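Next come two complexes built around chain A: one with chain B, the other with chain C.
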Partner chain A sequence: MTTTMTSEKALMAHLMRRAGFGASSEELDRLVEQGYDETVEQLLDVDRPNRMSDNLIRRYHSEYSGMMGNLSAGANWMYRMVSTDAPLREKLNLMWHGVYATGYSKLANGKVLHDQIRMFERHGMGSFKNLLIEISKDPAMLVWLDNVQNHNGAINENYGRELLELFSMGVGNYSEHDVKEAARAFTGWTIGNTEYMTMKCARDSVWPYGRLSFHFEFKADDHDDGEKEFLGHKGNFNGEDIVDIICQQPATADFLSRHIYSFFVADEAPVPEWPYKPPRDPAAIAALSNVYFESNYSIKAMLRFLFKSDFFKSEEARFQRIKGPAELVASVLRLTEEYGQPNISMNPTSQQAQFMGQWLLSPPSVEGWHWGTEWIDSGALVERVNFASERFGNIDSPGVRSVVDRILDNSDEDLPPDEVVDRALSELGITEISDNSREALIDFAKKQSEIATAEQTPRERVVNILKLVGATPEFQRA
Partner chain B sequence: MTTASKTKTGHLSYNRTVGVAAMQGRGFYYPWAVSVAADGRYFVLGRGSDSDPRGTRYTVMDYDEKYYGTFGEFGTGEGQSLWNAGTAIDSQQRLYQSDEGLHRIIVRNLDGDLLNTWGEFGADEGQLNGPTGITFTANDELLIVDHQNGRIQKFTPEGEFIGSFGTPGSGDGQLNLPWGICVDSAGDIYVADWGNDRIAKFTGNGEFVANYGSSGRGEGEFDAPSSVAVDDNGYMYVADWANHRVQVLDSDGAFVDVHRGESTNSKWAQEFLDTNTEEKEARATANLEPDIEFNTDDLHEESAHIEKYFWGPTHLVFDNDGRLLVVDSNRHRLQVFDVG
Partner chain C sequence: MVTAKRNPALVVIQLSGGNDAMNTVVPYTNGIYQDSRKAIGLVESEVIDINGTLGFHPSMGPIKQLWDKGNVAVINGIGYPVPNRSHFRSMDIWHTAESASIAPDGWLGRAIREIDPTHGNVITGINFGRGLPRSLHAKGVPVASVGNLGTYGLLPDIKDQQTRDMALDVFSRMYGPTDGTDAVLQAIGETGMGAYLGADILRTAPEMYSSSIEYEAEVEIAQSLRDISQVLQADLGTRVFYTLHGGYDTHAGELENHSKLWHELSTAVGDFFSDLDEHGRGDDAVVMIFSEFGRRIRDNGSGTDHGSGGAAFVIGNAVKGGFYGEYPSLELNAQVEGDMAFNNDFRSMYATLLDGWMGIDPHPILGDNYEQFDMFRR
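So, the complex of A and B:
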């Protein structure tokens, strides 16, 4: 293993890979100067992010404004991931989208899925209790998990079941009776114009004037306000009461902690295996659960604790996560800086994540995607490597041009092979690399120099190395 | 939290809606601009969607929604386009279309036959970087909003460069990503100065005259105006794009009227509903003007929920009978207003 930068910078690179989409060497230098704890606070301060404006995106991309389909809604989101100065917010949106996976196939309306992501943006770092209430009122979720069909006297258990199983506590911590009682409590939680909206969904109708956005509506006359017994509590509970009781459960604290650990520290087993497989680091989960209760369910407090913890900072934690496809695409595009302004190519670019296995806003099921090594199969790996290599190989991209300038110190002279490789690794935020990978890169750089032709410039030779760095296991991980 | 703004009528009177959403054929898929031919037909230029090229076309219709067909297609080949932006018709009834994706102008006859394609990317005189709004002067000179270069360029109908005015910026006579353009009966030129939230007026020779409006949501204020039209009495009609409304100013720039839109079922919409009765019945029971507490102050959200409102009006122009056509892009229709 070779280290390519100072330990402080390596730690900052780790933080930015996990809490963001990576950072250039130049940005890391600035953040090291600023300090680790201050950078954590900056990442958590997400109230007013700077990013490409909605007006600018909507002006050029008609469908990113109307969002009848999901490709455009996903591509719109990609602009945010690529251009924001508050990357943790978008990273967290990705996590919540995986946990509260809601998909286009049943909704036929990209805008309402976009609205759900915006809800995550507002509540994803606040109180977990508020987040659960908001997701329970979210119009896309109400249709996706059939709560629009959950009526007083004729319950539909789908949402109540998933709320307990996938959204808060996990299998083994509640009974079938609790599921039914939760469903009763959520009767009357629906969307306005239910019949018309759900018919438009079912018919994939854009007529007569495009899609209509959904809005939450509470129908008191369809709500079962009778007494319920839920997780040992008795009362005339409504949905908010159910969420309140859920949030008091130690199982909920552990479940949320494990999600956060899995997303930000190290890949865990897929959620369905959690009842049978202990956490990778039980002490870390216990510590996070403790923060959950001490902070009155504050997600931000849990994240602050996590980013400052030894288990996060540990060298053993580094490069232990496989970058998710959307995360990989965003991390490459932030380095290449090719989307400083809207470009018609964003649609096919954003779609690359789909070819790698993650079609934003179209998760495979309510379980979401299985993260970690399941992102990697032979086809997806080829897509991932090709994408990174192709983008880093485009010297016309402003970010690539800057990287090459910095590597060559703005000169037009070749550097020794080991130096050019180490500089390329550092510029792309790779703090540590296996000896095998580094030797292979140096070997390539040597051979490239030996067969150099007059037509090929030193800059082009650097670009060839950047392309290979994008293909390393280290770059594909976070 | 915001609530739906009050719809005010006065100078603007809603007449009807024409068109319907349709990825292909009769209807529109993100209409972006419209030209009116001497015979009264509307040539509605579709932007289409980046993920579905079928909307990148002209749809030809008239005020009574008689359908005459479509032409044009997505692509980079001869006569094809990527990002349709503006349209205009010259005195010889040739149809011009700007493509801000390929930085060029396409010329057709009214049957859709390709006559010419010209334009070259760049920032030198006569070159284009993102041509958007286009219009003709009384002398058949083509004015092109060269928006990424922050200027207006003037060409012969054959594409020979005549002159230009404007520079990028926010000072008098400067433009920030301008979008739409029109010429009044006196020959003065008006530009929707999108990035500066104002309407800029120039003489026919390109000398700066005045700016109208400022940033905001109040009367006479704009958020990213996309288009302007001026009637024979000097009233300015502005597509206040990100405020999702149309405003009217008098010739001195004083506020006169505002409208959020009032769409009803067009003839084509009604025909769709009459043949899809289940959807028609469900729609009949729906409240299409719900009272919603929005969690954002982005008016985009109001228009996304309330169907009759304008949602991203991209262009407005008068037809031959003096009716104001408002291209209501995200709703795939034109709202038609009587004025005065």
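So, the complex of A and C:
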């Protein structure tokens, strides 16, 4: 194992890979100077986000106004991930999208999915209780999990069940009776003009005037106001009361903590295995659960605690996550800086994540995507490697140009093979690498300069090395 | 000459957008058809007559030739209960073979797992196109996705061959065996080697291939079927091939667009079988053609909107040609919200292909027993 950075800078690179989409070497230097704790606070500050404005994006993408198709909302989100100054917020949106996985297949409406992600933006770092209430009222969710068909006297259990199983507590912590009682409490939570809107979803046909947004509506006359018994509590509960009781459960604290740990510290097994497999670090989960209760369910407090904890900063947590496809695409594009301005090529570019197995806003099911090594099948790996290597190999991208300039120190001479490899790794954020990979890269650099022809410049040789750094097993991890 | 018995291969062609079944297998003598298709109806002088009441679309000459050889099965009125008219949901249903709930795995992914449970061959299933359709997805099942066979592989944008060979050598070293202390690195490494070897094996296919058949240039479906033919003839053990032909969402300009699509498709399918026959391989593959739904009975003045019951095709030397299932009645009382009703569950066709052609038990893949057609000659 070889390290390519000072330990302070390597820790900052770790923070930025996890709380964001990585950072250039230049930016890391600036952040190290600013200090670790200060950087954490900046990441947590939801009031300072700055990114490319929607007005600017729409001048290049008129199709984003109506969010007609299933690609616009995802491509629009990719702009946010690539351009934002508040990367943690977009990163967290990705986590919530995985947990509250809602998909185009049933909705046929990119606009309401876009609206759901914006909801995560407003509430994703606030109180977990508030977030659960918001997702329960979210129009896309109400259709996706059939709560629009959950009626007084004729319940549809789908939302009640997933709320407990996938959204808050996990299987084994509630009974079938609790599922039914929760469903009763959410009767009457629906969208305005329900029948027309759901019919529109089932008939994805020509929509010449664009998609209509759905909006939440509480229909008191369709709400079952009777007494319910839920997790040992009795009362004439409404959905808010159910969420309140859920939030008081230790199982909820552990479930949420495990999601946050898995997304920010180290890949856990996929959710269906949780009842049978203990967490990687039970003490970390217990500590996060503790913060959950002490802070009155504040997600921001949990994240602050996490980023400052030893279990996060530890060397053992480094590169213990596989980058998700959207994360990988965004992290490459942030380094290459090719979307400093909008460009219609963002539509096909954002589809790259789909080719790698993560079609944003079209998860395979309500369970979301399985992460970790399940991201990487052979077809997906070919796409990942070819995408990163192609983008890092484009010297016309401003980010690539400045990386090459920094590696060569603006000189026009080849560097020694080990020097050029270590600099390339460091510039692309790989702070440690197996000796096996590093030696293979150094041998390449050596051979390359041996067979060098007059037409090829030292800059082009550096670019070839950048391409191969994008192809390393290490680059697949965060 | 005695040749080794080869394992049967299935080639699936997905028509994306909802193919208009009524203008594909045309009930041209039916008064309701004529009245409903004022703008885009096909008449007797245009269609390629089949039996005096039904005719193929005028662009389907090559498929009619295969029909005349007795090699084309047409499944009429194919669909599933409670039709969904959203492209995405309906395609999902076809991909997962599950219409009641949202399922994460595809039926062909599950089939590949049954065929090769130990992943002995990383190219048992190949998709020709970018990204994996859900039909081919199943946890832990490797499936290659080939955009273009000629350039398929890792790092294709390194143009200089010597540099690319060096780069691929670096790749195989980086993804080679590890000391096993890092389970994740080991898993990535094994997958990387699978991708590397798969690409390496596939690269041999075009080199071994020669044919007198000239597939249409610049036509994606023709090029995909040529790629499939190359891989099939190279005997690399691939059993499931998959590709898409898009553009069937003919809300407008249907006459023109639909003609072009079916010209491309049927020419490519005809060439594909001529190519296989020329190399004595025509008995080794069966082609299945499907779409997520059919379209409305009544046209909209220029095209047709989303409907339900559709038509599917199973084509090959091993197929007993003919119509399977009644053509759905167009009478008002038989319509489902203005659409043709379905009278054949698509999973019956899947079960027939899995059991009758591929020799795999369909029950674990489809999760239920579906009535099968008697569709194969052996």
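Going forward, the second predicted complex is superposed on the first by the 473 of 478 C-alpha atoms of A that agree within 3 Å, B and C clash if a C-alpha of one lies under 4 Å from a C-alpha of the other, contacts with A are read in each partner's own complex, and residues count from 1 in each chain.
In this section, a contact is a pair of C-beta atoms (placed from the backbone, for glycine too) under 8 Å apart; a residue touches a chain by one contact, two chains touch by 3 or more.
This is a predicted model, so every value here is computed, not measured.
Undergrad: Once the two structures are overlaid on chain A, check if chain B and chain C clash or fit side by side.
TA: fit
Undergrad: Contact-wise, after the overlay, does A:Met81 reach chain B, chain C, both or neither (first, second, both, neither)?
TA: A:Met81 contacts neither chain B nor chain C.
Undergrad: Mind working out whether A:His61 is in touch with chain B, chain C, both or neither, as first, second, both or neither?
TA: Once the two structures are laid over each other on A, A:His61 reaches chain B alone.
Undergrad: A:Leu15 in the overlay: touching chain B, chain C, both, or neither? Say first, second, both or neither.
TA: Neither partner.
Undergrad: By residue count, which of the two partners contacts chain A more extensively, chain B or chain C?
TA: The larger set of chain A residues in touch belongs to C.
Undergrad: Applying the document's definition of touch, where does A:Ser213 land relative to chain B and chain C: first, second, both, or neither?
TA: So A:Ser213 only meets chain B here.
Undergrad: For A:Val265 in the superposed arrangement: first (chain B), second (chain C), both or neither?
TA: Neither partner.
Undergrad: Is A:Val469 touching anything from chain B or chain C once the two structures are fitted on A? First, second, both or neither.
TA: The answer is neither, since A:Val469 touches no partner chain.
Undergrad: Of the two partner chains, chain B (first) and chain C (second), which one does A:Ser72 touch, if any: first, second, both, or neither?
TA: first
Undergrad: Taking the superposed arrangement, what is the smallest distance in Å from a C-alpha atom of chain B to one of chain C?
TA: Superposed model gives a least chain B-chain C C-alpha distance of 5 Å.
Undergrad: What is the shared patch of chain A, the residues that chain B and chain C both contact?
TA: 203, 205-206
Undergrad: If you look only at chain A, which of its residues touch chain B in the complex?
TA: Contact set of chain A toward chain B: 54-55, 58-66, 68-69, 71-72, 75, 111, 118, 122, 192-193, 195-197, 199-200, 203, 205-210, 212-213, 215, 344, 346-347.
Undergrad: Along chain C, where are the residues that touch chain A in the complex?
TA: Listed in rising order, the residues are 84-89, 92, 102-104, 122, 127, 130-132, 134, 137, 139-145, 153-158, 162-163, 166-167, 169-171, 173-176, 178, 184-185, 187-189, 191-192, 194-195, 198-199, 251, 305-306.
Undergrad: Which residues, counting only chain A, touch chain C once they are in their complex?
TA: Those in contact with chain C are residues 70, 103-106, 108, 201-206, 267, 320, 322, 351, 354-357, 359, 362, 364-367, 370, 372-374, 376-383, 385-386, 389-390, 393, 434, 436-437, 439-441, 443-444, 447-448, 451, 464, 467-468, 471-473, 476-477.
Undergrad: Mind listing the chain B positions that touch chain A in their complex?
TA: Touch residues, chain B against chain A: 20-23, 30, 32, 47-52, 82-83, 101, 177, 179, 194, 223-224, 226, 241-242, 263, 265-266, 268-269, 272-273, 276, 278-279, 282-283, 285-288, 290, 292, 295-296, 298, 300-301, 304-305, 307, 311-312, 329-333.
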